[in-house]
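Same chain, two partners: chain A is paired with chain B first, then with chain C.
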Partner chain A sequence: MMECYSFEKIAKNYGKKQVLWGVSGKFPPGSTVGLLGLNGAGKTTLLNILGNCDRDFSGSISLRGNAVAYMRSRQPFPEYWQVREVLAFYRRFYKFDIFLAEQLLGEANIPPRSRLSALSDGMRRMVSFICCYCTDAQVYLLDEPLTNLDINLRAEIADLLIGRAMEDKVTVIATHEIKEFENLFTHICILRGGGLSPLADAEDIRAEGMSIEEYYRGKAK
Partner chain B sequence: MIGEIFVTESKLHGFVSAALFALALLVSLVCFIAAVCLPISAGVGAAEVGFAVLNAFSYVGPLALLGAAVFQRRYGHYRMAGVRENAVFWGSLLAVCAWSAAFILAEMLAATALDAGFFLTNASLRNRIAQQSFLLSLIAHGAPRLLFCLSVAASVGVLYFTFDVLRTLARRTRGGAAAKIAAVFCVLLVFAVFQLFIAGMMYISSAWDGSLLLSPDSVLPLSYMLDTMYHDAVKDVHFLASALLHWVYYAGEIFYVFTGVCMVKWLGRCKNEIAV
Partner chain C sequence: MYFKGNETIYSQIAEKIKKKIFSGEYPCGTRLPAIRDLAVACQVNPNTVVRVYQQLSEEGLIYTDGTSGKFVTPDAALLSQKKREYLRGRALQFAREAKEAGVSEGEALTLAAAALADVFKADNVL
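The block that comes next holds the complex of A and B.
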């Protein structure tokens, strides 16, 4: 069984601007954590650090490398790559279920021979999601997974994530679209002022008669 | 991991190499046909243009591959996959060196085929072509000229290494723009010392042919001609050939690479690298 995924005292600055001030967190296995925060709070910065992309920070993380699958808000692959090259890349560097990825691409009507530059923003995000989802990782980091997606693709992503919720993995979703994930989140944490709030159990919030969005509005004020 | 990076990088390198080689081959073939069909005086000119195109692409190809490798480093896909920065560098370096060597090898075979074509169809025309045109021909220079492939690969490798050191310095030096400029200046200073050392050695030993290939097949570095204002009409001159084919370059290169490696080790490629 996987141990808790944790990070401690993560600090990051861009020049003189300090974005994260010793952020710490501990997420239990099987949890789907909603990472909430206003624009500029540092959600993407934190995910970039947790997802291996940014290595100029101080602090420690319990799990790194290809045990972490990260769906970035911005595509990290060259624009001239074809979708199948992205799949080949994932197959090379991760434990990757290529058959499932091809099936999901087919369902989303994304031709594997399309160049990334020829895809719409929504389709590119779907490719990123599919690649992240089909990776056999311990931790999944999703940065704004629903941005630019139509209602069909949104529903498909939500369904796939619900299917994964029973597995012994940690999924962290940074999003502004709380309603879409209302019933999926098991835990919530809010990033504000360079610090991360303690992990709140979504069941406890619901037991108090609040929705996640109401809880977030109350905390974000 | 280096192998996986090599395979990933090879897609672009393969495309660049194939496209440039096809272009060079096409132009040189047209020149070959023109040379064979035209009267001998005009034919010699056309044949020299054909060889000159292949010779020019022996610069264009490796430098384009170097550009492709630099271009690929802009993207963060390897970092996202948790690959260590060091492995990314070595994988990319291997790819750019291997593809540069392969490109030059293909060019040499093309030049050799062209040379053989003239040899078989019009030997008198071949005899009137300037010696410098046969820079890449194995018929003219023999199999030892194949070392040229490795030397070009090493030259491109040194240039890519310079890019990597500059990139590391630009990213890792703290203290604002002035500190970064100072750090980059340090690398350029080391590079200048490396060049000055070579130039000095060349000047002192202007009468000495330090090429690994015996005269008249030796390949002289371009700086030899510039530093000494002396050009041996019998010997070939190629800027990228000097890395491995000239003894004088060894000491300078070792000094330069050692200094660069020490700088990168001292600064570290990033603050919080992924554990092995």
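The block that comes next holds the complex of A and C.
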């Protein structure tokens, strides 16, 4: 990917409630962007649109379809499916590295034959993360990837993201857990009142003597 | 590794590596950790580590040998000069703080001398 990943004037309403008021963003290749915002700010709404899960919106997006891999906050697969069936689904529809996926599942001690209903919440999220991570795409969207994960899996996810951060891709992480990711973010943008703040360089924020959290608190209100 | 949240990460890592070079933990010609390894060890974005190595290269402390990695400069004379510059910078900082605190030059000198005596004496006992 040589050009920036960009989206323009994304607007979305749920009935009379306008959630996004023409949101625009431009993320350079190689960036790891922290998408921050209070509960209900519209982070998931925006990611659903960027991640091909919601087609009912206005605006334009530079990369869509298979160029985008999306880890949703909730997996849409039936509870009775086995983990390996989820992998087979991904392999059927995406460019998917199933060998890497099986290896990562093994490292996380998740049996491929286990049914989704038998997995803990954290393990299910790990399955979602692995499916997203092993999909060959240009843009990776992660919605609250650390929720309900224990410290081992958190560390595993951080290491995997670090391992890939040098590639010419864009990773967008929507999260509340700023502390866990703040040193991984190259850029920060904040969703508030249906609008997105301009992309800020994380090191530039620190160079001004502010931590990411302080910057966020100042902008989120 | 713990980082202060309100200072650039790259400068904090650069400082750490500089100290290791000056103390001799990374002697002349040593190979520095690979970008990815250091990024995982510090839990930071590898792009930050790239910036660290860039800065240290510009200062002449390290050099890149084609594809085989980054190395501490083999120039011992340059290293000791850089070390002096670095320490002079720290001393300058102390001097400024002393002045701001309204301490006289003589008093500041006494304080510094006492601190030096403490530290070097402790070393001699060991």
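The criterion applied here is as follows: the second predicted complex is superposed on the first by the 220 of 221 C-alpha atoms of A that agree within 3 Å, B and C clash if a C-alpha of one lies under 4 Å from a C-alpha of the other, contacts with A are read in each partner's own complex, and residues count from 1 in each chain.
Following the convention adopted for this analysis, a residue touches a chain if its C-beta (ideal position, glycine included) is under 8 Å from a C-beta of that chain, and two chains touch if they have at least 3 such contacts.
Owing to the predicted nature of the structure, the values given are computational and were not obtained by experimental measurement.
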- Consider chain A as the common anchor and indicate whether chain B and chain C clash or fit when overlaid. fit
- Query: Between chain B (first) and chain C (second), which, if any, makes contact with A:Y70: first, second, both or neither?
  - Reply: first
- Message: If we overlay the two complexes on their shared chain A, which of chain B and chain C does A:R92 touch? Say first, second, both or neither.
- Response: first
- Task: Give one of first, second, both or neither to describe whether A:G51 is in contact with chain B, with chain C, with both, or with none.
- Result: first
- Task: From the overlay on chain A, compute the angle at chain A's CA centre subtended by chain B and chain C, rounding to the nearest 10 degrees.
- Result: 160
- chain B versus chain C as contact partner of A:E213, first or second or both or neither: second
- Message: I'd like to know which partner A:D159 touches here: chain B for first, chain C for second, both or neither.
- Response: second
- Message: Just to confirm the geometry: in the superposition, how small does the C-alpha gap between chain B and chain C get, in angstrom?
- Response: 28
- Query: In the superposed view, which residues of chain A touch chain B and also chain C?
  - Reply: none
- Query: Can you name the residues of chain B that touch chain A in the complex?
  - Reply: 4, 7-8, 11-12, 72, 75-83, 85, 171, 270-275
- Task: Within their complex, state which residues of chain A touch chain C.
- Result: 30, 32, 158-159, 162-163, 165-166, 182-186, 203, 206-207, 209-214
- Message: Applying the document's contact rule, which stretches of chain C touch chain A when the two form their complex?
- Response: 3, 5-10, 35-36, 39-40, 42-48, 50-51
- Task: Would you pull the chain A residues touching chain B in the complex into a rising list?
- Result: 51-53, 55-59, 64-68, 70, 72, 76-78, 85, 89-90, 92-94
